[in-house]
C-alpha cells in the first residue's frame, strides 16, 4: 500500500467525487468528503516524510515504464505542494458544512462536494504527475470544477465572474497545451524528466523557444500575474466563501508550482532565463503587481475584493523571489507559497464566518464587529498582521528570506520596494481594523453574535498555524530548502 | 420486460457492429456497459412502448416499403423543381388534420411528412399539423389522406 | 520562594502580558482591575530591582527562548544600559498607573479597561526591548509597542484622535518596516549576526560606505527616536489623554526609540567604527538641527502639551547626539539623559494633565496666576523644567554636562554650541510658565475661580516624580555607575 | 466514381458554407451548418473507401452521433429567447 | 459478379452525387428559409441513401456493410427531427415564410405563439 | 508552403482569439474559444503525420501509420474542450436568466448599477 501512495493521493479524491452521488443527505456527503480529504492529507504527510528521508519517489502508473507510461514523481517540491493543498482543503472542508448552509441551496450541496473533490483531485494530479500532458488534463479537471464552484455563488455576479474566469482559464490552458505539443514535436516525449534530458539537444530551435513562451504565458494567466490578473478579484469575491478560502490558498499556488517545474526542471535554468528576459520581466511585473494590486486593495469597499487584490500583490512577492533565480530566492518563493496559503485561507475562512453572521462583506458593514464577533475579528487581525509581515507570524519569515535573497543579489532598491509594499498592506489591513474596532456598531446590529464553533475552530486552527509556523520554522524552512536545492541540482 | 429486452438487444447489436471484437474481455466490458445503460434508462424512466415500439414490428416493414417509394418520388419532384427554378414552385403553408389517436402514431405521421422532401411538419397541436410545402400539389396530396390512413392502420394493429 | 534571576527576567516581560488578560477579565470591576494593574507593576519593580542587584554582583543573565530561523534567535540578556531603561520604565509605570487612576476617573473616560490593558502590553514590550539580547528580539517588541500604543493614542475616539492615530501608526510602522527592518536585514547580511556585542558586530574592515548607509537606515528607521523629519508622530499623538502622553513621551515609546539608537551605536556598530563612518557626521548635524528646530517650534506653541511634545523632540536629539558622538562621555551622558529626561518630562506632563483636570485649561496663555490655586503642581512644574534645562538642583544637570564633555572630547564645536543654545531656548519656553503662574503679568485679573489642586493620586504621582528629579541631582551615583558600565563588557565587570 | 462523389459532397459542403455566410436569417445559418455536418459524415465514409481504410466508418458513426447530440443541444434551447435576440438584430 | 457490383456501385454513387448537387443548388437558389429546407431534405434522404448504398456495394465484409447501414439509419432518423425542430423554432420566432401569392387568401397564415 | 499546416493553425488561432477578445456576445466568445482550441487540436494531429503514413487504426496489410499518441492526447483534449463549451454555455444561459442579456457591455453596465 505504501508503495502506491503517489497514485492513491490523486485517485482517492477522484474516485470519491462520483461516490458522493450515492449519499443522499448533505451532512453525510460532508462527512464523507471531509474523510476523503483527511485521508489525502494523511497520504501527503506520509509522502513528505518519505521524500525527506529517502529522496525522490518515482511511481510508474500501471507498471508501464517511463517514458512510455505515465510516471508520478514526488520530490520535496511536489511533497510540499501536496501537503499544502490537502492540509488547507481539509481544514476548509471542516467549515464547509456550516458555511454553505447559508450560501448554497440545500439541493446543490452534493453537487458542491463533488466539484470540490474533483477540484482537489485535479490540483493533486497536477502536482503529482511527471507527465506534461497529464498536467494539462488535471489542470482542466481542477479548473472546470473550479468554474462551476465559483458559479455556485449567491450573487448573480458569481456567474459572470465564473464565465470570465472560464474564458481566461481556457485560453491559459490552451496555451499550455500548445507549448506541450511543440515540446513533444521536438523531443518525442511527454515525460518531464525525459524532456529535461532531451530539450538541451534542440534548445536553440525556434520551436522550443515558442513552446517555452506559450507555456509561460499560459501559466501566468492561471497564476493571475499582473497584468493578467483581471479574472481573479471577481472570481474570489463572488464565489461561495468556502470556495474562495480553498482557491485563494491553493489554486494560484499550483500555477506557481508549474512555473517553477517548467522553468527549472523541464527547460532548465540556463535556457529559461536566457530564452526570455525572464529575470527583468518577472522582477518588473512582480513589483508592479505588488504596488498596483496593493493600491487597488486600499480602495476596495468589499473586503473579499480587498483580500483578492492582496492575493495578486502576494503573487507579486513570489514572482520577485522567483526572478532572483538563486536558491535563496526560490526558497523565499516557496516559503511564501506555504505561508500565504495559511494566511489567505485563514482570512477568507474568517470572512466566511462574517458572511455567516451578517451576510455581507462590505467594509461599511464591519463597523463595531470587533466587539460583536471578537474571535472572528481577532483572527482577521492576526491574518492581516501576517500579511503585513509582522514578526512571529509566517508572513515575516517569507519576507525575511525574500529580502535576503534580493540583497544577496545586490538589488538594494528592490529590497526597499518590497518593504514599501508591506506598508501598503498596513494601510489596507488597518482600514479593516479601524472599521471593526474603532467605529461604533451599526444601528440594529446589537443581536449579532460570534460565529458558531464549527466555523471558529477551523479559522483558529489556521490562525494558530500562522503563528506556529511563524515561530517554529523548522518544517517549512527545511522542506523549502530541500526543494529549492534539488531544483538547482545542489545536494543539501 | 419486453421493452428492456429489446433495448438490450438493439444495444448489443449496435455494440457488436461498432466493435468488431469478440474477445472475452471485450464482451464482458460490453455486457457491463450495456447493463449500465439499461440501468440509466430505467432510472430516467424511458423504457416503454414509446421508445421501444415493438408492437408495431409486424406491420412496419410494409409501411416502410411504401414510405421509401414516396421518398424516392418526392425527391425526384423536388429535384425537378430545383432545376426548373423559383418560378415553378408554389410555397404553401397549410393545416392538416391527423386521424391518429396515439402520440406515437402522430409522431410517425409527422415524421413521415417531414421525411419526404417537399413537405415539413412545423407544428403539432392536437390533431392539427401545420405543414409547409414547396408545392401546392403536395398539400393536396396529403389532404387526400393516403399517408394518414396508412399510419392509422399501422396504429390499429396493436 | 526562590525565583532564579533568569525566571525574573522572563517574568518581568510575561507578567504585564498576563496582567493584560487579568485586566480584560476584571474589566467590570474597576477597583479590582486597578488593583491588578498596581500590584503587577509592584511585582515587576521588585523583579527588576532584584535583577539590578544581580548584575551589580556581576551575574550574567541570559535567556534563550527559541530559534526562529537558523541564527535568528529570540533571546534576552541584561546589560547596564538595558537595566537603566528597565528601572526607569518599571518605576514610572507604577507612578503613571497611580496618576491615571486619578486622571481617568475624574475625567470619566470611556474604555478604561482597554486603556489599562494596552498600557500593560506596552510595558511588557518595553521590558522586552530593554532586555533584548539581539536586534531581532528588540525589533519584535518594538513593533508590539507600536501596535499596543495605537489604541491609547486614539483613545478619545474622535476624528481628531483617529487622524492623530493614523499619523502615529503610519510613521512608526512605516519607518520601522521600511528602514529599520532593512537595516536589520542588511546588518545580518553584512555582519552575519544581530547579537548585541560589546564593540559591535561589524568587522573592523567593513566597507565604510555600506556600514554608513546602514547607520543612516537605523537612525531613520528608529522612528521612535523622533529625529526630524520623522518626528511628526509625536505632536500628532498629543491628542491622547495625558497619562498616555506621559507614557509615550517619557516612559515607553520615545525612550524605547533613543534606547534602541544607543544600543545600535554601542553594541552593533561599536564606538570605534562609528567614529570613522562617513555618515556619522551627517547624522550628528541632522540631530543637531532637530534639537534646535524643535526648540524653536516649541517656543511658538501656546498649547502646553504641544510645547512639551516639541520639547521632547528636541531632548531626544540630545540622546541621539550623545550616542553618535562615539565617545565614552557621550554615551554616559546620553544614557543618563534617558533617565533624567524621563523624570523631568513625565512630571511636566503630569502637571499639564493636572491643570487640565483641575482647571480645564490647556493653553499656556490661560495659565497665568494659576500658581495660587495649584501651588504644588506649579512647583513641581518648575523643578521639572530645571531638570530639562539642565541646571541645579535637578538631575538634568549631570546628563547635559556629560553630553557637553562628550562633544568636547569629539571636538564637535558646532554641536557644543547647538547644545548650549538649545538649553537657553529651553529656559525661554519652559520657565515663563511657572513664573507667570506665580507672578501673573500686570493687568491680569486674579479672581478666585474655585480651582483646586488635582485629585490626590495625580498630585502624589507628580510630586514623587518632581522629587525624583531633585534626588537624581543629589544622588546620581547608581545611574552614573550603570552608565559607566555600559562601555565595559555588558553584565560583567560591573562595579569593579 | 468515388472521386466524383467526394467532389460532389465537397462542393455541397462549400455551398453550405456559402449559405452559412449569406444567411440571411439565423435559421439559414443553422440549416447550413447542420447540412455541413451531415455531409461530413458522408465525406468521411467516402474518403475511407478511397483510401482503402473502411475503418473510417467508425469515425463517421461517431461524427453522426455528435451531430445528433449537437443538433439536440442547439434545439434544446431553440425556444429560449437566446434566439429571439438575434432575430431582432437582423 | 464483381463487375456488376462495381457498375451498380458507380451508378448509385453517380445518382447520389447528382441528387446531392441538386440539393446544394436548391440551398443556394430557393427564395426563403423554409423552401431551402426542402432542398436540404433531398441531400439528407435520397442522396445520402444512394451514396451509402453505392458504398455498401463496395464493402469488403459484412461488418462494413452493417456500419454503413447504421450510418444510413441514423441519418434518416436524425434529419427529420432536426428539420422539424428547426422549422418550429423559426416559426416560433416569427420568421414568416414567403408563400405563393395566388394561394395567399385561402391559406392559413401562421398564428403567433 | 512547406509548413502550411502551421499557417492553418495560426490563422484559426488568430480567428478564435479575435472572436474571444472582440465580441461582446457570450455565445460568440464560446464559439471563438472553440475555434481557438480546435486550432491546437489540428496542430497536434498534423504534427503526428508520418510521411506516407495512414490513420493510426490497426489493420492488416498496413505497416506505416501516423503517430497515434497525439491522436490519443487530442481525444482527451476534445473531451475537455466539450466539457468547457458545455459549462460555458450553461453559464451563458444562467447569466441570461440572471441579467436578462448575454452582451458583455450590458452585463457590466448592470453590475456597475448594483455597486
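When the chains are written out, they are named A, B, C, D, E and F in that same order, and each has its own residue count from 1.
One rule holds for everything that comes next: contacts are C-beta pairs under 8 Å (C-beta built on N, C-alpha and C of every residue); 3 or more make two chains touch, one makes a residue touch a chain.
Here the structure is a predicted model, which is why all the values come from computation and not from measurement.
Common neighbours of chain C and chain D (chains touching each): not present. The chain with its Cα centre farthest from the Cα centre of chain E is C. Of all chains, the one whose Cα centroid sits at the greatest distance from that of chain F is C. Mean C-alpha position of chain A lies 44 Å from that of chain D. Chain D has its Cα centroid 21 Å from the Cα centroid of chain B. For this pair, chain D with chain E, the centres built from the Cα atoms lie 12 Å apart.
Among the residues of chain D, those touching two or more other chains are numbered 58, 61. Listed for chain F are residues 92, each touching two or more other chains. Shared interface positions of chain C, i.e. residues touching 2 or more other chains, are not present.
Chain-to-chain contact here is organised linearly: an open path runs through the chains from one end to the other. Inter-chain contacts occur between A-C, A-F, B-E, D-E, D-F. Only residues 9-10, 13-14, 16-18, 20-21, 23-25, 27-28, 33, 36-37, 40, 43-44, 48, 51-52, 54-55, 58-60, 64, 67-68, 70-71, 74-75, 78-79, 81-82, 85-86, 88-90, 92-95 of chain E touch chain D when the two sit together in their complex.
The residues of chain C lying in touch with chain A in their complex are 66, 68-70, 72, 136, 139-140, 143, 151, 154, 157, 162, 166, 169-170, 173-174, 177-178, 181-182, 185-186, 188-189.
Taken in their complex, chain E has these residues touching chain B: 19, 22-23, 25-26, 29-32, 34-35, 37-39, 41-42, 45-47, 63, 66-67, 70, 76, 79-81, 83-84, 87-88, 91, 97-100, 102-103, 107-110. Chain D contributes residues 51, 53, 55-56, 58, 77, 80-82, 85 to its touches with chain F in the complex.
Those residues of chain F lying in contact with chain D across their complex are 27, 54-55, 57, 59, 92-93, 96, 102.
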